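After the C-alpha cells below, expect a handful of questions from me.
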Amino acid sequence: MGTETSSAGRLLVISAHAGDFVWRAAGAIALAAERGDPAKVVCLSFGERGESARAWREGRTLKEIKGIRRAEAEAAAAELGAEIDFLDAGDYPLQETPELVDRLVRVYREFTPAVVLTHTLTDPYNGDHPAAARMALQARVLAQAIGYDAPGEPLGAPPVFFFEPHQPEQCDFKPDVLLDITPVFERKRKAMECLPAQQHMWDYYTDLAKRRGVQLKRNAGPNLGLAHDTLAEAYVRVYPQTTAVLA
Amino acid sequence: MGTETSSAGRLLVISAHAGDFVWRAAGAIALAAERGDPAKVVCLSFGERGESARAWREGRTLKEIKGIRRAEAEAAAAELGAEIDFLDAGDYPLQETPELVDRLVRVYREFTPAVVLTHTLTDPYNGDHPAAARMALQARVLAQAIGYDAPGEPLGAPPVFFFEPHQPEQCDFKPDVLLDITPVFERKRKAMECLPAQQHMWDYYTDLAKRRGVQLKRNAGPNLGLAHDTLAEAYVRVYPQTTAVLA
Amino acid sequence: MGTETSSAGRLLVISAHAGDFVWRAAGAIALAAERGDPAKVVCLSFGERGESARAWREGRTLKEIKGIRRAEAEAAAAELGAEIDFLDAGDYPLQETPELVDRLVRVYREFTPAVVLTHTLTDPYNGDHPAAARMALQARVLAQAIGYDAPGEPLGAPPVFFFEPHQPEQCDFKPDVLLDITPVFERKRKAMECLPAQQHMWDYYTDLAKRRGVQLKRNAGPNLGLAHDTLAEAYVRVYPQTTAVLA
Amino acid sequence: MGTETSSAGRLLVISAHAGDFVWRAAGAIALAAERGDPAKVVCLSFGERGESARAWREGRTLKEIKGIRRAEAEAAAAELGAEIDFLDAGDYPLQETPELVDRLVRVYREFTPAVVLTHTLTDPYNGDHPAAARMALQARVLAQAIGYDAPGEPLGAPPVFFFEPHQPEQCDFKPDVLLDITPVFERKRKAMECLPAQQHMWDYYTDLAKRRGVQLKRNAGPNLGLAHDTLAEAYVRVYPQTTAVLA
Amino acid sequence: MGTETSSAGRLLVISAHAGDFVWRAAGAIALAAERGDPAKVVCLSFGERGESARAWREGRTLKEIKGIRRAEAEAAAAELGAEIDFLDAGDYPLQETPELVDRLVRVYREFTPAVVLTHTLTDPYNGDHPAAARMALQARVLAQAIGYDAPGEPLGAPPVFFFEPHQPEQCDFKPDVLLDITPVFERKRKAMECLPAQQHMWDYYTDLAKRRGVQLKRNAGPNLGLAHDTLAEAYVRVYPQTTAVLA
Amino acid sequence: MGTETSSAGRLLVISAHAGDFVWRAAGAIALAAERGDPAKVVCLSFGERGESARAWREGRTLKEIKGIRRAEAEAAAAELGAEIDFLDAGDYPLQETPELVDRLVRVYREFTPAVVLTHTLTDPYNGDHPAAARMALQARVLAQAIGYDAPGEPLGAPPVFFFEPHQPEQCDFKPDVLLDITPVFERKRKAMECLPAQQHMWDYYTDLAKRRGVQLKRNAGPNLGLAHDTLAEAYVRVYPQTTAVLA
C-alpha cells in the first residue's frame, strides 16, 4: 500500500481507562511490536468506576476492582508486546489537573515517542475520553518547549492519531487512515480475551475489524493483492501528514 | 519522514485551465518524474477566457490565445517531465456534460493512474475549478465499474488529492498532507517561468512554497534533518489513507 | 403528529439561572404537567448578577435580588405545575466544579428523569449557559455508572434536548424538534408574567412561539388539522432518537 | 420507546439502484408492512452497470442483467410486503433530468406518502446515490405546489429520512434515529437472500444490524426491556420532527 | 455604528420569485434609495407556480397569475424606489441553464453593481432559491473576466450578501451582518402591503424585523443611542470584508 | 473601501504572550494610533517558557528571559503607539483561573474598549492561545453585567476580532475581514524588528502581509485605486456586524 513496514519508531498510547487500548488500538500496538518498535501504554485510570459494572454488581471493593483491571490490562499489554504504566488518576470523572498534565509531559520527555495514539476530543457518552485526549495533546505541546521545566530534551513533533470510539459518528470520528491489522489480528483477539468481564466485546470488535477491513479494501482498490479477509483499525490523523511522496 | 521515495506509481493531474497544474502541483509532478513514475496532465480547457486577461487586453483573438496558452503549458509540462493533453472543452464557464465526463473515464481507463490530483470542490472565486473537480471525481468512480462501456479494464481505487487554491481558507482547504518539494523546486520555478504573462505569480508561489515548508517543518518536528529552507506544497486527501503502518 | 400524548415520563430541566426555564421551556413543562408527568426544575443560580440588571439599577442588595428571583421562579414553576430547586452556585460566572457536578448526579439518581432539558453547549453571549449544559451532560453520564459513589440506582439513558437560546444562529442552534405547545400556551404566558422585571420578554417570547408555530405547520404539512395559530417551542435532540417506528 | 406502533402511514422508498432498499431500509419496510401501512419502492435504475459486477464478469448482456436485477428486487420487495416500480432511468451515471424529476413528482402525487426514505446527499463512492437523493427531495417540494402541473392534490410535508450508506462516516452520515427492527429481522434476512450475487453482503448487513442494535440499546438505556439481541437500522432525519411530546 | 450613511453605490438584488425581495431585502433597498444609490431588482421568475397558491385555488390561469405577480412586484419596487426587471425563466423548478446565466452576466455588465443581494445556497424547502443563488454567484464571476463575450467592461468585485430565508437555521443561515432599517421600515411595510395575497406575511416579517432589531441592539451595545424599537434585517456576507478600519 | 478612516474608538488587544500582538495585529494597532484612537495591549504572560527557545538555549534564567521579553514588547508597543501591560500569569501552560478572568474584567471596565482583538479559539499547536481567547471573551461578557462586582460602568458590546494564527487552516481560521495596513506597514516592520530573537519571522510576516494584500485586492475588485503593493492583515469577526449600510 505504498508504505514500508520497516521501523516507524516508538509508539505511545494514552488511554483514559485500562481497557481502551485493547479494543481500539491493539492492532497498531501489535504491528509496532512485530516491527521491533517499542510500544508503551499509559492508562490514566483503571476504569474502576465507569467501566467495571460487572465487578461492582458482584460486590467487589474499589481496591479489588483496581487490582482486577490492572491485572487484565497488564496481561493484554504483554500479549501485544507493549509495556504499560498506570497513573491511577481516578475515573468518572477523570479530572483534568496541571499535575496530571505535568506527569504526561514527563512521559513524553522520557519515552520520546515517534507516534502517539489517544482518544477523540468528542464523546457524548464518556467525558473521560475527551479529557484524556485534551491532556495528551496539551502535554505533547508543552513537552516540545525547551523552557518547560521537566527532565529530558524537548520533544519533536510526533504525529497523533485518534483511535476509534464506540459510537464513531456521534463522536465526529471520520476515519482518514485505515490500518491493515490482518497480520496481527490473532494477537489482538488474544489480548481482548484477557478481559473476560467484557466477553461480549470480543465479537463486537472482531466484527468491527471486518467492517473496517472491507472499507480498507474498497479504498485501496482491487489490484493490491490484499487478503480476502482483510482486517483493519480506523484512525483520525490530527496534524497534517508530512511526506516526500503523495500516495 | 516515514515514507519511501521509490515508485509511487503513475500520476494523473486533472486541471480546469492550462496553467493551474503549474502553480499548484508542479512539485508533485516533478517528484514523480524524478522517481521515474509516468505523469500526465489533462487540461479541460486552455483558460482562454477566464485566465488570459493580459492577452485579451493586448487584443489577441480567441484562437491566438488558445495557442499561446497551449504552448506555455506544453513547455511547463516538458520542464516537469510530464505529458500533457488538452480537451478544449471551453472555460468561463466550463460546462459539466456527460460527454466530457465520458472522455475523462477513458483517460482513467487508458492511463490507469495510481494517484490523482485535481481542484477543490469549493471555490467561490472560480466556478470552473469545482466543476473540474466534480467531473474528475465522478469519472474516477465510473471508470471503476466493469459495466461502464469504455475500453480498458475497470480502474482500481487511486487516492485523490486536492491541490491548493488561490485563497485556501475561502475554499475550505484545510491541508492534511504537506509534500516536501525541496529537491525539485528549481524545476517548479522553471516551469512557472514558462508562463510569462503571469510573472507576478512566480514570486507569489515561491513565497507560498516557503510558507508551506515552514509548516512542514513545524509538523515534522525538529529532529528530522530537514533542510533549513524546506519548500512544500499542500494537499487535501479525499479518501481515507490505507496503510500497513501508522506514521 | 404521529406521537401519542400519554405519559412520556418524568421531566428534568437544568437551568443556569432562575428565569431561563420560563422563556425557553415552559411549554414542555406545562405539557408534562398536563399529562400528569412529574416535572422538576433545577436552577444552578438565581441569575443574581448577570440577569437582574433592573434590580441592580434600583439599588437592591445581592441578598434581596436572590430573594426576588427565587420568588419569581417559584411562582412561575407553580403556574406550570413543576417543582423547583435552587442550588445557589453563583452566576457570572457560574463556576464548573466537581462538587456541583456531584450535586447534579444526586439529582439525577433521586429524580430518575425520563427526559432532560438544558442549555446549548455554545453561547457567545453568556458563558453560564454552556457551563450549565456541560455539567448537566457530564452528571448524566456519571449517574449512569454503578461505580459512581452516590445514593440510588444507576440512571438509564434519558434523552436530552437543548432548549432555544436568545440568538439561536449564533449558538449553532439548528432545531430538529418542534414541539406543539398550543394547548398550554396560556399557562406559559402566565408563567412569563410571573417575571415582571423582564416585561419586554413577554411579547418577545410570544412572538417566538408564533414563529416556531408557523415552522411547525410548514414541516408537518397542511393536512394535519393543526390550529391556525399553532404555537411551538424549538429544541435540539442531543442523542439519537430510539424508536420502533419512523414518523 | 415512547412511540406507538400503530399506523405511521404510507411509506415511499426512493432508491437509485435495484438493491439499495434491501440492504439499507428493509427493516423499515417490513415494519410498515407488519403494521398494515402500504409501502412502495421506486428504483430509478436497476444498478445494471454500477452494481452488477459479477453478472458482467459472467458475460451477460445489458438486457439480461436488467432482467436479473429486476427479478431479484421484485422477490425481495415481495418478501417485505412492498410494491415496487422501476423507472429504468439508467445508472453509472444516473443523470438528473427535469423529466425524471417530473416522474417522481407524479409518484408523490399518486402514492401520497406519509414518510419518505432515500439516499444521503453525500457519497464519494457512488455519484448515483446523491443524484437520487437530490431528485427525491426536489420532487417532494415540487409536488407540494398547487401550481405544479401534474395530476393529484398538492402533497403534504411527509418527513424524509436518509438510510445508511456503505461507508457512513465518509458520507457525513451521523445517525439521529435508530429504528428497532428486531421483530422483522428475519424478513430482512430473507429479502437479502433474494440477492444471491451479493452473498457477502448478507452477513455484512446482519453484523451492521447488530452494531446499530447495540447502539440503540446504549441510547435507550438499560431499563426498557429491550431484547438482548436488539437489531436496528440507522437513519438521518432531514426536516425537524414535529411532535406533541418530547421523548 | 461606525459606518457612514453616504453613498454605498449601486445595489443589485437577484431574486428567484417576484415577492422574495420584498420580505427579505426591502429595508436594504429602501436605504439605498434614500441615500440616492440606484437600486435594481431582477426577478428570475414570477413565482407563478410555487408561490401563488391562493391564485391557483381561485382558478386563475398561468398567464393571469404571472400578470398579477408582476403588477404586485412592480408596485412594491416603486414603493421602495427601485427599478425592477423580470426574466420570466419559469419556477418550480427554476432551471439552471447557461443561457440564463448569460443573461445575468449581461445584467451585471450593464448595471455595474457595487453591492449584490441574493438567496442562500441552501434551502431544503425551496430548490429555486439556491438555484438562483448559484446562478447569481456564477454570473458575477463570469462578468469579471475580460474574455467573457458580453457587452460592457469587466465587473469589479462587488460584495455579495445572502438575505434571510424563511427558516433560517434549516438553511444554515448564520447572520453576520445586522442592518438597521428603522429609518425606512414604513416603506418596507408599505411595500409588503403591495402583496395582498400574502397578508399573513405582513405581520410575520414585521415581527422578524423586531427580533433582528433586538439582536442588533444586543450586538451593538447599550451606548449607541439606538432607537428603543430598532428594526433590522439580517444578512450573511459571502466574501471577506475589505476595509481600512476594524469596527 | 466604503468605510471612513475617522475614529473607530479605543482598541484593546489581549495577547497570550509578549510577542503575539506584533506579528498578528501590529497593523491594526498602528492604524488606531494614526487615527488618534488609544490602543492598549495586555499580555497575559511574557511567553517566557513557550516562545523563548533561543534565550533558553543561551542559558538565561527565567527572570532574565521575562525581562528580555518585556523590554522587547515595550519597544514594539512604543513603536506602534500603544500602551502595554503585563499580567505575568505564566505560560506553557497559561492556566485559566477565575482570578485572571477577573483581572481582565477590570481591564475592560477601566479601558472601555470600542474594539477588541485576541487569539482564535482553536490552535492545536499552542494551548495558551485558545486559553487567552476564552478568558478574553468570558471577561468581556462579565464586564457587561451591572451585577458583576468590579469598579466602573457596565461595558457596552465592543466587537471582537480574532487575529491570524501561525497555521491558519489548522486553527479553523477563515478570514472574513481583510484590513488594509499599507499606510502603516513600515511601523509594523519596525515593531517586528524590536524582536531580534525571532529575526526569521520578520520576512515571514512581511510575506504574509503581501499575500493577504493580494487577497484584499482580489476581494475589493480592480476599480478601487488600491496600491499595487497593498499589504493586509486578516481577521475573523466573532459577533455579527451591526451597520446602517451594506457595503
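Note that the chains are named A, B, C, D, E and F in the order they appear, and that numbering of residues resets to 1 at the start of each chain.
The rule is simple: a contact is a pair of C-beta atoms (placed from the backbone, for glycine too) under 8 Å apart; a residue touches a chain by one contact, two chains touch by 3 or more.
Treat the numbers as computed from the prediction; the structure is a model and nothing was measured.
J.: Just to be sure I understand the contacts, which chains border both subunit E and subunit A?
T.: B, C, D, F
J.: Moving only between chains that touch, what is the shortest number of steps from subunit B to subunit C?
T.: Minimum step count, subunit B to subunit C: 2.
J.: Hop across touching chains from subunit A and tell me the fewest hops that reach subunit C.
T.: The fewest touching-chain steps linking subunit A to subunit C number 1.
J.: Of all chains present, which has the mean Cα position farthest from that of subunit C?
T.: Result for max centroid distance from subunit C is chain B.
J.: Averaging only over C-alpha atoms, locate the centres of subunit C and subunit D and give their separation in whole Å.
T.: The separation of the two C-alpha centroids amounts to 36 Å.
J.: Distance from the CA centroid of subunit D to that of subunit F, rounded to the nearest Å?
T.: Computed from C-alpha means, the inter-chain centre distance equals 52 Å.
J.: When you check subunit A against every other chain, which residues touch at least two of them?
T.: 125, 170, 175, 215, 218, 239-240 - these are the residues of subunit A that touch more than one other chain.
J.: Pairwise, which chains touch?
T.: By the stated definition, chains touch in these pairs: A-B, A-C, A-D, A-F, B-D, B-E, B-F, C-D, C-E, C-F, D-E, E-F.
J.: Taking the touch rule as given, give the residues of subunit F at its contact with subunit A in the complex, in rising order.
T.: By the definition above, subunit F touches subunit A via 48-50, 52-53, 56-57, 62, 65, 92-93, 95, 124-127, 170.
J.: Looking at the complex, which residues from subunit B come into contact with subunit F?
T.: Residues in contact with subunit F: 125, 166-170, 172-175, 204, 207-208, 210-211, 214-215, 218.
J.: So in the complex, the part of subunit F that touches subunit C is made up of which residues?
T.: Against subunit C, subunit F makes touches at 98, 101, 137-138, 141-142, 145-149, 238-240.
J.: In the complex of these two chains, what residues of subunit B are touching subunit A?
T.: 1-5, 8-9, 11, 28, 31, 35, 114-115, 117, 154-159, 161, 175-180, 215-216, 218-224, 234-235, 237, 239-247
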